[in-house]
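Should a chain be cited, it is by its letter among A, B and C, assigned in written order, with residues numbered from 1 in that chain.
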Amino acid sequence: MFRISHFQLYCILLLLVGPVAFLETPNILIIHLGCNAWLAAIGTIVPGILLAAMFQYIIKKSSQPFPLLLEEHLGKILGKFLGFLYILAFLLASSFTLRLFVDFIVTNVLPQTPISVFIGVLLLVGFVAIKSGLENLARCCELVTLLGLPFAFLIFLAAIIENWNPGNLLPFAYMDLTSFSLGLLSCSYVLGKMLPILSLAFFCPRQEKIRQVMFLVISTYVALMLATTLATLMTLDISMSNIATFPTFSTIRLLHIADFIQNIDIVFIGIWIMGVFGSVTIPWFMACYTAQQLFALKDYRFLAAPSSLIIGVFSILMGKNILELLAVSMHIIPLLYSFVFILLPFLLFLLTLFKPYPESATLAEPGSKAESSA
Amino acid sequence: MRFIKSKKPEKIDIPPGELVEQALSPVLQDNREKLRILLAGCSDVVMRDFMLASHPPTPGLLLYFDGLVDKEQVALHLLQPLLTEQNTGDSSENLSPDEMLKRVQYRILSISEVKTLSNIEELLHHISSGDTVLLIDGCSSGLVAGTRSWQSRAIQTPENEITIYGPKEGLSETLRFNTALLRRRIKSTNFKIENMVIGKLSKTDVALFYIEHIAPRPMVEELKKRLEAIDIDAVLDPRYLVEFVADEKRSIFTQEQYTEKPDRLCGYLLEGRIAVMVDGSPMALIVPVSFLEYLISPEDYYINYIAASLFRLLRLGAFAIALLLPSLYVAVITYHHEMVPTPLLLTLAATRQGVPFPAFVEALLLDLTFELLREAGLRLPRAVGPAVSIVGALIIGDAAVRAGLVSTPMVVIIAATGIASFASPSYNAGIIIRIARFAFLIASGLLGFLGIMIALILLFVRMASLSSLGLPYLAPLAPFNWQQLGDIFIRRPWFENRKRPYLEGMENQWRQGKSTGG
Amino acid sequence: MPRRLLLFIVIFLLPSCSACWDIRELNNSAVCTGAGVELSREGKFIFSGQMVKPSAPSESGTQTSTAVVLSASGSGVADAARRFMLSLSRFPEWSSISTFVIGEELAREDLALLVDFLLRNRNPRPTVNLVLSRGCTPEEVLSLPMPLSPYSGKGLETILDLQEKQLGIYVPTNVHEFIHKLTTAGIEPVVPQVSIEEKKLFISGTAVFKGRRIVGSLNETESRGYRWMNARSFNGGIIDLGSPQNPSELVSLEVKQFTGKTTPKLEQDQLKMKVTIRAELVFYEKSKSGELLTLSWKEEMERLAAQKIKQEISACIKKSQLLGSDILGWGYILQKHEPQLWESFSANWDDFFPTIESDIEVETLIVNSMLSQKSFRFR
């Protein structure tokens, strides 16, 4: 039984929530809230913490990791059914991320290349990673986060400084409650993707620290959203970002550092592809892992090959064109995510409220050996 | 006078294979005959018959390989006392042959290392390692005297690991000298040197160096287990062993470090690593190492730590350049023209006028040519070397550009890459990078910058999945460890370097304070 | 083993079947430094591109590049641009253009098509410098060489940049700003104009847009006034004054740095825009030898400079109100500061804008006098 360290857990969760939100969320926020979009980004911290507390509580009340805890709390049949649902949801999340990213690349940098090539290549990378197991996946996530996170912040700080224009943020807090709550919802439903913590927490040495890890993930996410939204607002303003397909990206296109570093959008996409690798591979891994636990299979690795096909087909069939895709991302995906990753866990949470704590011995053994590998 | 008369020895018709396993017989003539068969064709063996100065004189036999022993020592401290010393016992004492042997061992031979042996296999092993064996008639065991001494390379400065400051000694081909060089540096009994013999034919001495309590016990055991499982006819260099011992055997990512410098070796030992040396090779093999440690040059620890840190960062940059520069250039020039500022784009466009190849092919060709030149330069006799490099430089650098076959910027790029690849302090890492560079080049030719990034992710996935004796290959980075990273990309000053890099199972992590040492 | 073999086959086949869709060899592309669009009399779009013909660097390393201007006409902007392919053997590299020239006819007619082209197409960058050709076509502008600069595309960008910092008349704009102002309510774009005089390129005047077409232009004084409120670079510029001692003498002051701020304020239910300028000036030049650098004369000069600035600003405001185009972005500012008020005005802003009064407040300060501290005298 291997272990993942807290930092690895942080990286995995961040890669789950971060990269896609990076592209979409500022856009949706600005559509809903205009120049006050950044307020919703900050506000996300509250639902985020509630969500984290809910996950934490479910973990505490359960003695087995995620797909099994469904059966533990809900009974065998319902648990199995929900588990199956989750496999589909993870696969869908993975293929949606993949498709969105691929369409993004095709729109912006390599318009001639067929999307199947990108889908194939990214699936190959993910396949190799899953084949080599969770431990290795966690390490890759660390590398990606270490490289990508500072870069992302740097680039948006640069954008903010370069186009310093706080006037675009006015009027302050001039919005109605409906649009604010819509914005808040659209920014926080993404955090539901932290659900894999229900499994991953059991691989972690000390469970008390998981709350801190989740909190760190949420604050990084909020900071990231804040930086992107601010940068987008300051450079593009509302009217332009409403026109743009990917406002975040348009912001970077406008970045011009020291008269020589220009048009670095491709570098940004390159770094970002690493993040996308994470957010495609981790739900994919979760799908494989859930399937393995659910059907009591020996290993999850061999599932990588068939599931890659499913993801590939899913992502190609997802939408015929970018309009459909954006419609999916605006309307269907939020509903789906909120149902599967927030509402269902919430029901589970309500159920666990009336359950006793499990025997502490059955919790993952927080051995001293594992501690040192942190 | 009993055995002097030439008794026809019995015909021995046992195959040599079984002969070797036999014990020594008390009859000297028997042993002699067996050895004659076994050593037939070994022209360098010396069998010296003599009479022990006992009463009555007892026949004896000295056996050694010429060239491996110190002849003067054999003559002065073995033969002379044996021939002249009277108190080997006389008939009045009526010594049994074994007692006689004891007396010879304890009172006559003035050689420091003497022990007894009792079978032929052992005997052969000893003489072929340079010891002298003494057999005395009537005794069923013989004596081995340590008389090893042979011509060998003097201790020199290693040619491939040049440092400006710091110790200059290098390891040599003789294992025993090397153990001495190391023992002199770590004067603790916790410094263990375990011997084993590997190679059915070569019977090579292989030594395992580690410091008890610092090197993790399970790791040492694991390595020993893997080494013992090796079944090979001969071992000439530690590289023979590595391919048996490595965690992931089929990979270009080497998971070990070599060094010829005893000080560097000790540095590794003090970090809990295990070294393996093979008699006959000056290279010491060090496991486990992580990839990032290839960035470290031993000299870093002998110069100012701030300077050393900057040099390390420079090397990191050189690493990146050597790995990525040609592919980045190809990506930019064939896919992402918009990244280049207009004046530069114009210059590039101008230099590329009339170049018949796509940039990708051009880069591949030039890079291959560069590798070719380097490979050729490595093997050239010294006298021819400069000629080839002049021709190479002139033809590639100048004529090709003039003929319009390649563009000038590409030559600059490849040259910069070449220089950067020499900045790596570890030859191992250099090899990895040289090979990976081509993969990156192909990826960038296919998908531009995205191709590079995808190749990079694949590289990460692959490297993160490797381990060296259980130590993750990207260790302080990929299971992330801030504390240890402080001595990888930069060099931490010694006064802050209070802990050793952690290895799974290490008992004592403290370098300073607390319970320092092993 | 068969698996490995398969992997190798895949890897080796990959290059051959990929065909490198997006590959663009530099050998086959033409570097463009400028482009322009004009509307012909027949209602077709004429797209002109300035391509640089790179010549191989000679021995000494100097290279002489020459620009070629090509034009093609089509029924749409993109169509016209693609029609280059009928006569050009290379792929034009639109991403490297520095200046985009809008033709006057097109600006009079309708900008919608052009804007969409600039916004949607990924190749021309949003940071491209924008000018309007006045009294000539973009093709003429682009084909005219500039002194010391072989291709005017890059040259125009530099000129606009330098004149703002050195002279302080026109405010350069780029495609992104232009479109931003076009698409945002309560602000209209302006674009510097280029015209040809005596076979030379000149920047003369600023074109004022309203909605999707041009409505007029600002002259030099009005452009200066515009710059005080909407500068891109808040340093540089020259102010010429009549000397306080003798109005026929000339004094030049350089603007070291300044800030310009416009805020809305309500005075007895009357909306007023308050323009506040703070400028630090440097005593730069004077024509006669009277001693001006005393504290009292300094104050007088500051007062005169403030007056001059005020004149320029009010000229600009007057002109923009006359043209009915809110180039100063007052609507936008109102929207930022008084969102409720803006909502009540936004429907008939066009009618309301010309009636808004302004309150200009200029504060100037002469901070140093370069290398000499006293006037020289002829003796």
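Odds and ends about this structure:
Methods note: a residue touches a chain if its C-beta (ideal position, glycine included) is under 8 Å from a C-beta of that chain, and two chains touch if they have at least 3 such contacts.
What you see is a predicted model; the values in this text were computed from it and never measured.
A simple rule picks the central chain: find each chain's mean C-alpha point, then take the one closest to the mean of all protein C-alpha atoms, which gives A. Of all chain pairs, the one linked by the most C-beta contacts is A-B. Look at the CA centroids: the one farthest from the centroid of subunit B belongs to C. Put simply, the C-alpha centre of subunit A and that of subunit B have 48 angstrom between them. Subunit A and subunit C, compared by their mean Cα positions, are separated by 42 Å. If each chain is reduced to the centroid of its CA atoms, subunit B and subunit C end up 68 Å from each other.
Contact with two or more other chains is made by residues 335, 338, 447-448 of subunit B. Across the assembly, subunit C contributes residues 18, 22, 95, 125 that each touch 2 or more other chains. Counting partner chains per residue, subunit A shows two or more touched chains at residues 109-110, 113, 117, 262-263. Residues 18, 21-22, 95, 119, 122, 125-127, 176, 179-180, 183-185, 335-339 of subunit C touch subunit A in their complex. Within the complex, the subunit B residues that touch subunit A are 335-336, 338-339, 341, 447-450, 452-454, 456-458, 460-462, 464-465, 472, 474, 477-480, 502, 504.
Looking at the complex, you find that subunit B touches subunit C at residues 333-335, 337-338, 340, 342-343, 345-355, 358-359, 442, 445-448. Residues 14-15, 18, 20, 22-27, 29, 31, 33, 52, 54-57, 63, 65, 93, 95-96, 98, 123, 125, 154 of subunit C are the ones that touch subunit B when the two sit in their complex. Note for the complex: subunit A touches subunit C at residues 107-114, 117, 167, 170-171, 174, 236-240, 243, 250, 253-254, 256, 262-263.
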